[in-house]
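Report on the following structure.
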């Protein structure tokens, strides 16, 4: 088997991709990136066009609602916006090994080159260790010319933050992307780091929509953010969560 | 040396394999799969036809009763039932690395293809963290068409259970198998997760025998299950196990 | 992608390298080597000539002051001294895996051979578990003929110290270098092991300057050593550090 | 660089090797194997004929008494006994990874085949978790025909002991060796597992000398065993060790 397999069940779909940008929303801190990317896929009715399997993912299958298993994977979705194609990279896991992170990012960039991607947005969370009332959206870029546009979108830069840099796909797609001439912008939602955080995701979505110049209804995310706040208040007051569904919010 | 070696001391035996199914019973939670597969091998007097060595197994030899060592390995046994061949994949260990899990599963599927295997049963345990009076047998499949047959056999589906999916060979043989057109059914015996569990194994054997349409005497397993219950009762009452043999039951 | 990439943006610079020595100052105990090498690069205004990326480094980008990310990397700087070229090997990280340490050291020695390096200095710290008033500089060599010169420089040998040998690039460049006929001297500054230690670095710089027969102003390092001592005194007296800048000294 | 390098500085020495056996005494439980093999090398004045380096060893150099570093390594020594050559495999470390254990054992067996080795003795310790007055020597073989000879030598078999089998080179050289038709005998000295154990080593040496039909003066090992017992008695009585040399005995 190949170490990494990117499978397009219908390869002709590649021909429909025009002037694409790529949005990476793989699992990470607060699942911010995952929340935003999956919310957008749902709202925009983006179509799945490719599945990625790799021995750098955990050796695991997940069981779908109907009892049918599927290998853990990453996926690519496609949405044709009036301003060009938007590709989404989402999935269950990132690499389990350091080397695998590099090799997967490299494979994703090979594909981005093939599909003509000029810009990558990577989405993540920035853990601050406490609950945040008004989560900011921090940004980093892989090309100094992108700064002005990103600042205008409502994202902020803070010198030396996050101090540890950006780990995993959100970082490598920018770092390795720069070497191949692909613009990269990382948006990081401020979050406690303790919970799945739809509120921070909602802030991030606002910034990203502005950059993409598209409208995405964020009602669903905002509703989840309100539910989450209510859940946390009840937890603070010593009440038990009312359902398993609620418990799933806690990271 | 090759990373994985599958050795048939008598390759002609491959010619005797007719319409085979493959049953995987490698070590896992509660050793349910291992108990069932090894019990069946013993009861059916299945013959060992191949040995697998790999540098993905632990770097270790075991000492047999006569003082002779052997490398840790996996093995394949063959039984000719009136309904076709039954192959068993059993052994000491699974892979020690994530990547090795994928590569071993891939090697096993290459062999399954070569031998004409149309269906794989993988056997495992499903840990629930408490002792179970009436262990259920949960199932997952790699093809929606298998659902009806599996439900009719007495196995159950529970939406989203196990939540963590299926890890290791029991999962990958289904997930990777689907891509090669090999049907896969995973049967998981409900078990505490704390002990080697012949009672759960016995339930699983009943379901599997039905699916295979063969009779397998389960007296031996049921006897071990009763011994196990007595051992646990004594432990709860504060008595010491009476022998080393007993202690070996405790996971 | 290659496992290790050494990139010279301007390859002609190789022609300007004359009779080079190589100084390795990658991160390690007390960051002694890193402090010395980076101090020398600053004082001597050495020029960056190459960047090294590798999947043996952590899968991470760092964010520079202007918000632009860069992959974690190692770098090579060049300074033309009257006695010949001095090359510096510095960077963010060493390998994350054992095998990667060997492969990176091997790649660095291939480059050293190509550039005509006859001698390598590797710089490190030697942790003694307590604060040291007058930190010594211990040495080890990869060729017995180097002993006399090193002793004359003010470095010391202590039989069997450090008992655990030298781990990582500082050790491997000497050990693997000997096999390729490249002289190697490892200088280790005595240090507590608990803090970034500019005082020990300052002692090491004195010895190294002597060996290189060049003058390097050490005022900056000595100033940082005094600040560090004051910071530690305040910490001992129970005062809080006055700034984040101060906190960064603590390892 | 190659993953594993076996270097004979003087390859002609291979021509002097006649009917060799190979004795493996790499580090392990109680350092029994290492003590015995290094004692024999000293007493018999065996000559070093080869050095092994590998990226599966730790990325480390050791500092010899004269301040000169050397890569951690394994070594092969040669002694011409009247009954044929005795080769010793000794060294600083075994592999740091599971896969490396297999690949190193494979490389050693390739060399054994090339040199005409018909039998391998692997030496180890068998930890029992308490101090042993009269340490036994347990054995395991890779060929049932060796049992009688081994029992006659004073070694014992105990059914199912050690239960965990034999890990690392001592096990793999037997397990993989059997597949290449090289006889293998593993001798394991009973030991607490807490200390370097020259007493157990001394018992093992007696058995091994008998099997090899050579005389090896064991006075030195027995003296160290007495010193060790005195050291332990003093420790039990609450006295401090008198020297660093003593402390080094404690595992």
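Chains: A, B, C and D, in written order; residue numbering restarts at 1 for each.
What we mean here is this: a residue touches a chain if its C-beta (ideal position, glycine included) is under 8 Å from a C-beta of that chain, and two chains touch if they have at least 3 such contacts.
Predicted model, so just to flag it, every value in this text is computed and none were measured.
Distance between Cα centroids is largest for the pairing of chain A with D. Homomeric contact chain A/chain C: same residue numbering on both sides for under half of the interface positions. Annotation: 53 Å between the Cα-based centres of chain A and chain D.
With each centre defined as the average position of its C-alpha atoms, the distance from chain A to chain B rounds to 38 Å.
For chain A, the set of residues that touch two or more other chains is empty.
Applying the touch definition to every pair of chains gives A-B, A-C, B-D, C-D.
Every residue of chain B that touches chain A in the complex is listed here, in rising order: 95, 98-99, 101-103, 105-106, 139-144, 147, 157, 159-162, 164-168, 171-172, 174-176, 178, 184, 186.
Against chain A, in their complex, chain C makes its touches with residues 1, 55-56, 58-63, 65-72, 96-97.
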